[in-house]
């Protein structure tokens, strides 16, 4: 019955990779805490780099600096 | 003063349906808990089926199986 | 398959009232958008009034003013 | 190490304004609570006015009324 | 840089199990999407069974039925 | 009308500090984006260090290492 929300920047997150991530986190919750996969919900939010800040800067700005 | 976040897949969620949902949940909080509708905030997130997992699979994959 | 998160201050939110709210929002999603109640998840967060701000003040401070 | 999520309607939120908001909230957490800016994460979600309700109505509907 | 929020009911979630879950999900994001573990943040929320609903009922009520 | 959720570990977050943070973030949204303070909502979640992971470890474990 767990609920998992994963926020990432979209780079390279293909449908196949996202499906792999959903399967992986669901299995992990079963293996570590005995949670039932059938009712485990995972939602992925893809957030643009202009809208993600770390260290007081946007990811867009950090990447420009290299 | 409640805050409500509703995550759904977008299928058929027209502006009219979403307005109806917002009104309904606001009234429900007034009727069950006496919450003030004027300050009740409801935010709807529409999540693509590739980004929503249940039972270890994406909703996209589950729908393909029928 | 919807996921709903409801944040409220704890005042008077008995287990019975919370059960009523969960049933109500689940039925509302079925009635407005045709969502399946069996997979609708609702999580209620109770937030202390010191941790909730509106209008730039905590709810604790607003209530003191009456 | 704080994590901040800011939900706004998109009106006028240019990349520059969002960068300013990210810097500001990061500095505020340093100044009020001594939090380390290097590990402060800020995510901005821009929510369409059809998906945002207050007072039982969408923001779209409220704006039409003027 | 991902941010992950995991909501679970508290049953059996010892500090050791939670540490294992945090390590596991961080590694999974590195392995599937190449995300940097150093900046991956994971927050676990433990939600009481009275505050978690599925199928229109609280988890408390479902467990009583067995 | 913005909604802000701030997650922090509880260290030293007194009611006064939290009130200062709520006022500060509300003013910041007014000053950077012209948002109306009257309808700005801020919710602070205090998360135990066992439930917060960064770099694949809990904050509890990181602090033990010094």
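Note that the chains are named A, B, C, D, E and F in the order they appear, and that numbering of residues resets to 1 at the start of each chain.
In this section, contacts are C-beta pairs under 8 Å (C-beta built on N, C-alpha and C of every residue); 3 or more make two chains touch, one makes a residue touch a chain.
No experiment lies behind these values; they were computed from the predicted model shown.
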item: Set of chains adjacent to subunit A and to subunit C; value: B, E
item: Most widely separated chain from subunit E, with each centre as the mean of CA atoms; value: D
item: Candidate from A-C, B-C or B-F with the same interface as A-E, over half of contact pairs in common; value: B-C
item: Chain at maximum distance from subunit A, centres defined as averaged CA atoms; value: C
item: Subunit D-subunit E separation of Cα centroids, rounded to whole Å; value: 25
item: Subunit A and subunit D: spacing of chain centres that average the CA atoms, whole Å; value: 20
item: Shared interface positions of subunit B, touching two or more other chains; value: 1, 3, 7, 25, 39, 41, 43, 45, 52, 54
item: All chain pairs that touch each other; value: A-B, A-C, A-D, A-E, B-C, B-D, B-F, C-E, C-F, D-E, D-F, E-F
item: Interfacial residue positions of subunit F with respect to subunit B in the complex; value: 1, 3, 39, 41, 43
item: Subunit C contact footprint on subunit B (complex, rising order); value: 1-9, 12-13, 17, 20-21, 24-25, 28-29, 31-35, 39, 52, 54, 59
item: Subunit A - residues contacting subunit B, complex; value: 15, 18-19, 22-23, 25-27, 37-46
item: In the complex, subunit B residues that touch subunit A; value: 7, 45, 47, 50-58, 60-61
